[in-house]
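Here the chain labels run A, B, C and D in written order, and each chain numbers its own residues starting at 1.
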Amino acid sequence: MKKVAIVGGTGYTGVELLRLLARHPSVSVCAITSRSEAGKAVVDIYPSLRGEYELNFTEPTTDTLSQADVVFFATPNGVAMKQAPKLLEEGVKIIDLAADFRIQDIDVWSHWYGMEHACADLVAEAVYGLPEVNQEAIKQAKLVANPGCYPTAVQLGLLPLIEQGLIDTGHIVADCKSGVSGAGRGAAVGSLMCEAADSFKAYGVAGHRHLPEIKERLSLAHGSHVGVTFVPHLTPMIRGIHATLYAKLSQPSTSLESIQALFEARYQNHPFVDVMPLGSHPETRSVRGSNMCRIALHRPQGEDTLVILSAIDNLVKGAAGQAVHNMNLMLGLAETEGLNSVPLAP
Amino acid sequence: MKKVAIVGGTGYTGVELLRLLARHPSVSVCAITSRSEAGKAVVDIYPSLRGEYELNFTEPTTDTLSQADVVFFATPNGVAMKQAPKLLEEGVKIIDLAADFRIQDIDVWSHWYGMEHACADLVAEAVYGLPEVNQEAIKQAKLVANPGCYPTAVQLGLLPLIEQGLIDTGHIVADCKSGVSGAGRGAAVGSLMCEAADSFKAYGVAGHRHLPEIKERLSLAHGSHVGVTFVPHLTPMIRGIHATLYAKLSQPSTSLESIQALFEARYQNHPFVDVMPLGSHPETRSVRGSNMCRIALHRPQGEDTLVILSAIDNLVKGAAGQAVHNMNLMLGLAETEGLNSVPLAP
Amino acid sequence: MKKVAIVGGTGYTGVELLRLLARHPSVSVCAITSRSEAGKAVVDIYPSLRGEYELNFTEPTTDTLSQADVVFFATPNGVAMKQAPKLLEEGVKIIDLAADFRIQDIDVWSHWYGMEHACADLVAEAVYGLPEVNQEAIKQAKLVANPGCYPTAVQLGLLPLIEQGLIDTGHIVADCKSGVSGAGRGAAVGSLMCEAADSFKAYGVAGHRHLPEIKERLSLAHGSHVGVTFVPHLTPMIRGIHATLYAKLSQPSTSLESIQALFEARYQNHPFVDVMPLGSHPETRSVRGSNMCRIALHRPQGEDTLVILSAIDNLVKGAAGQAVHNMNLMLGLAETEGLNSVPLAP
Amino acid sequence: MKKVAIVGGTGYTGVELLRLLARHPSVSVCAITSRSEAGKAVVDIYPSLRGEYELNFTEPTTDTLSQADVVFFATPNGVAMKQAPKLLEEGVKIIDLAADFRIQDIDVWSHWYGMEHACADLVAEAVYGLPEVNQEAIKQAKLVANPGCYPTAVQLGLLPLIEQGLIDTGHIVADCKSGVSGAGRGAAVGSLMCEAADSFKAYGVAGHRHLPEIKERLSLAHGSHVGVTFVPHLTPMIRGIHATLYAKLSQPSTSLESIQALFEARYQNHPFVDVMPLGSHPETRSVRGSNMCRIALHRPQGEDTLVILSAIDNLVKGAAGQAVHNMNLMLGLAETEGLNSVPLAP
């Protein structure tokens, strides 16, 4: 039984980690930290976990955390980078669910996140934790940058096309829709039920922090610059991201069936990507509470624009589930351990 | 590995059975029937189950069903009573998730359900499947009547008080609120999102079919007639029932603490009832997707009216989960097998 | 054209006043104040009002406010009582949408609101602004206490019965359900969409501030103490309150038809109470955005417990609409001026 | 006082017409028809209209309808084309809220709507009722084809650019999101709250009936073929459409400020289009219940892809409100009569 700790356990990614780890057969949670709730029982904040955990929230001291084999940082941006060096020295493996290690280009990172990086040298060492790309590297990694939620949905929908050079990489459109849990559990007016329910809007059109992550990773896959217009939207639901991706085929003669075959082959050994039959429309609820990404391909009216639909649960495949997946790989466990819950629908 | 079949698998209780049974370690689903969808793959109707089932819907023939050790009827009222005699003869155990065997008084049943009973003699044999009351009888049962969703929430909140004669049984108020899934997957205008969302209403105040069930079971527990005013309400959410129960203490001197102790003792060996600390307010989402019933006790302003709050997921503890619980008991399995999923919150 | 000002205009009751007053033919808004947003344009905070108002938020100085004929306080509790004396001296009429003047018993008020009253003498002068009770007094009033949202729905459902002595006033149950806008626009975790959506819970069962208001007003109507068990619930919708009221008939021989006739007579000259036909179930959406209260009466199973259903829009009849109604009366205008919008359904 | 009749009054566009017309100062509803509900009072189906209408639903006979000055068809596709010729002969003006007269190319229409056109000659006579384009023609029209909801949001967002030839018209992307009311009040499983709430999906990606309408109208504005990839999505809300439009600038040197100025000039005399300040993100709730279309322009990261956001209430500007706007023009009334309700937010 391996021991894991969670830093910043009161947010939605923290509680989702707790939900998933409660049934993981090979690890146990030895500590969960929260400065604001230190001393309180986890189940007093999250009654849904009553009977599952005896733990109290504690202060995030290195002493506490260094007892763990793996530490998850479910903290705001800028926290993990301060604590990571010490913990890595102590031999602890780290999975950061925030953005501190997601972007290799430090200048780009600083520009978008508005701070100096506290350990730029570690960024190069960090492995980008998208198992469908970096499975082998993750197995060897000491420090994993868990991908952003939007970048996960977008990359999985585009990677096969970009890797094979099938689309015009200058003008991709990623129109993405997220449930409100993506905004976190912080008390913000914009996330109030009366502000977000029964309404729909775009936000951050001028520029969202997940844009440079998407661009960097797609460009790495492509071997050169990829141009993406990325527009996130707030959808009146709790969980779920739906990416609608538009890409122009380089060769109009490429058949949709061949692309379907490409996607199926690309993901056949990846248990958390489901390439649906042609003509499907994945619903976010079909992955609610699960680590699955469902993808469907369309070529409307036979024109040269390909439409790829990609749906994930932002808190699972877009955050905590992918983090557990990465942990499984880092610890040499089976990929799917603790991640086999069936989606909750309706 | 025991074999189970589901009759009427396209409704919400049917798909919820499939979700729960997909991870049950000791049973496998050998057949799922639907007259309207016969021939179609289960996963074409329920993409959330992709990868979980290879089954197609089939016609509900006795031949098909008699191969199962247990058959679940997730059908409209009046279906199970027609097929039950034959299947029981074949040695198949039956769990009816509809109302055909819930009420012992056949006249009362016919009055409320508007039809003659097709096998009145079997009703007396049927065991009312509330494991917190009938655990031992269920273990021996061949035919179990799975309780209604409202009756489950109401009984669990009142039983300890009624069994101990602590409240005025003449004037109990059960103000109950249900999510829309309680109305089923039938295409009805009243269940449309545009009719049911962002609104709240009572319905069936003059009389709801769960009233005679509640009255009969509470009266059996009490030993004589219990008077209940039961008002169901439609709440703009998918899953969940919240019962707010009002009862006058027979003896105002009875302390709330002693009642709390009584509830804790009453349910200590029942894994699916969680008596929360005094002063709690159970949320339905704290049991979303799980078989748990959470109960909290209040005595507002120290007056003689007791308020009991009882929350369940209507599709799990109020239907499919309780049915699996009953199946576990009938098959001699551990009570909690296949029922240990952690509630999905948020 | 009379001039009105709004103090505390950034909350939901403030913006609702702006919505209603934008179309009021006899008044214009001369000032709207907000310490936190002073200097900003109203329409930058509320784009739904673009084209309706040129106003900026300003500081709530007495100079600004004393230019108005009527000042609405849409502020937290404890603000109006500090500014009211000065403004009344200046001849300004005041309508307080908070609780400072709702309760005549100052000790009770201080107990529940946790502060000393700043102008206890004015409380006696204040008129409780429920037009269906105090219409004539409101016309003469200089200071009106706009009722709470729950107390409005509860009183309108019970007053005819209590005034006529038809029910047991010792054991009334008021089971009330509110949309999330009742919690205001403050950034609180409990009001986040991810906390409040797709879930249902009771809150404040031990005691809610609207309880003493309900008790005092019903007791005044009755002439002696009325006992009420009041349980508020949070419902996953934006607007709306639904009160389900349970009362035992003093005389079981009283017919439901006679009570229906009583309600119809009681409210026939009150344009904002709609007594629906017997057997109706008012939906909150049927009053969405309007100042109407819809009421329906039931006597389930012919027993001696009466069930009264009462539905309002908490932001209109439960707050801003009732305040405009009170203003109309105070200014000698027609009752319904500016309040004739048709409910928005679906 | 002009007389209007509504054919097919039980759907959402029918009841929305009733809501708007209830306060229209210059017209009165003389008849509302429904085969299925004939004989029933309107307010029994729509309690939100209690006190507003005395009307009963009637059969849609020509006798009844020919008494009206204007008849609205709020019926399924294929109904208006059968009744229109007779009514036009009788001198009645017609506004069809369905699709019978929206598309000039009859073959295209038949292909997408799957039926022969019953009066192809009238199609050429019909005026496409988008007042921001055809204001003068609508004033003279006897037969108006009220635009589709998606086409309204999309055209208003693109027309200024297309009219001025500023964008690449070969590869426009229209990613559109609609509330569930767009699917109508028919009892369909996909519109159930339990299917549509708390989830998000695309639908009709292969081809949606609003695509040929969008293409034809944009091509007419452009003078030659316009290529559009149109993907509609179902959003878990009741009302609202949000179109996110992507277009490549023909000349990258065109400044966003100049485009903003162009939009402001284009719509300055059109009271129901609000061009918001640069950088805005219109929310659908900011137009809830109103006839307004709010538009905002973006040019993310200064690249050559323009993003236009366009939000309407699908039942108002996307249906009933635009129909009343058209009626006002046809009857020589002020454009905004009966259409000045303030959006309901929150």
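In the analysis below, a residue touches a chain if its C-beta (ideal position, glycine included) is under 8 Å from a C-beta of that chain, and two chains touch if they have at least 3 such contacts.
This structure is a prediction, so every number in the text was calculated from the model and none was measured.
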Set of chains whose contacts include both chain D and chain B: A, C
Comparison of A-D and C-D by number of C-beta pairs in contact, larger one: A-D
Whole-Å gap separating chain A and chain C, where each centre is the average of the chain's CA atoms: 45
Separation of mean Cα positions, chain D and chain C [Å, integer]: 37
Approximate Å spacing (C-alpha centroids) for the pair chain A, chain D: 38
Chain A: positions in contact with at least two other chains: 12, 179, 181, 194-195, 197-198, 236-239, 282-283, 285, 288, 345-346
Residue ranges of chain D touching chain B (in the complex, touch as defined): 12, 179-181, 185, 187-189, 191-198, 236-238
Touching residues on chain D, where the partner in the complex is chain A: 171, 173, 175, 177, 179, 194-195, 197-203, 205-207, 211, 227, 229-231, 233, 235-240, 242, 244, 246, 248, 279, 281-285, 288, 298, 300-301, 303, 305, 307, 309, 311, 346
Residue ranges of chain D in contact with chain C within the complex: 12, 15, 19, 22-23, 46-52, 181, 197-198, 238-239, 274, 276, 280, 282-283, 285-289, 294, 340-346
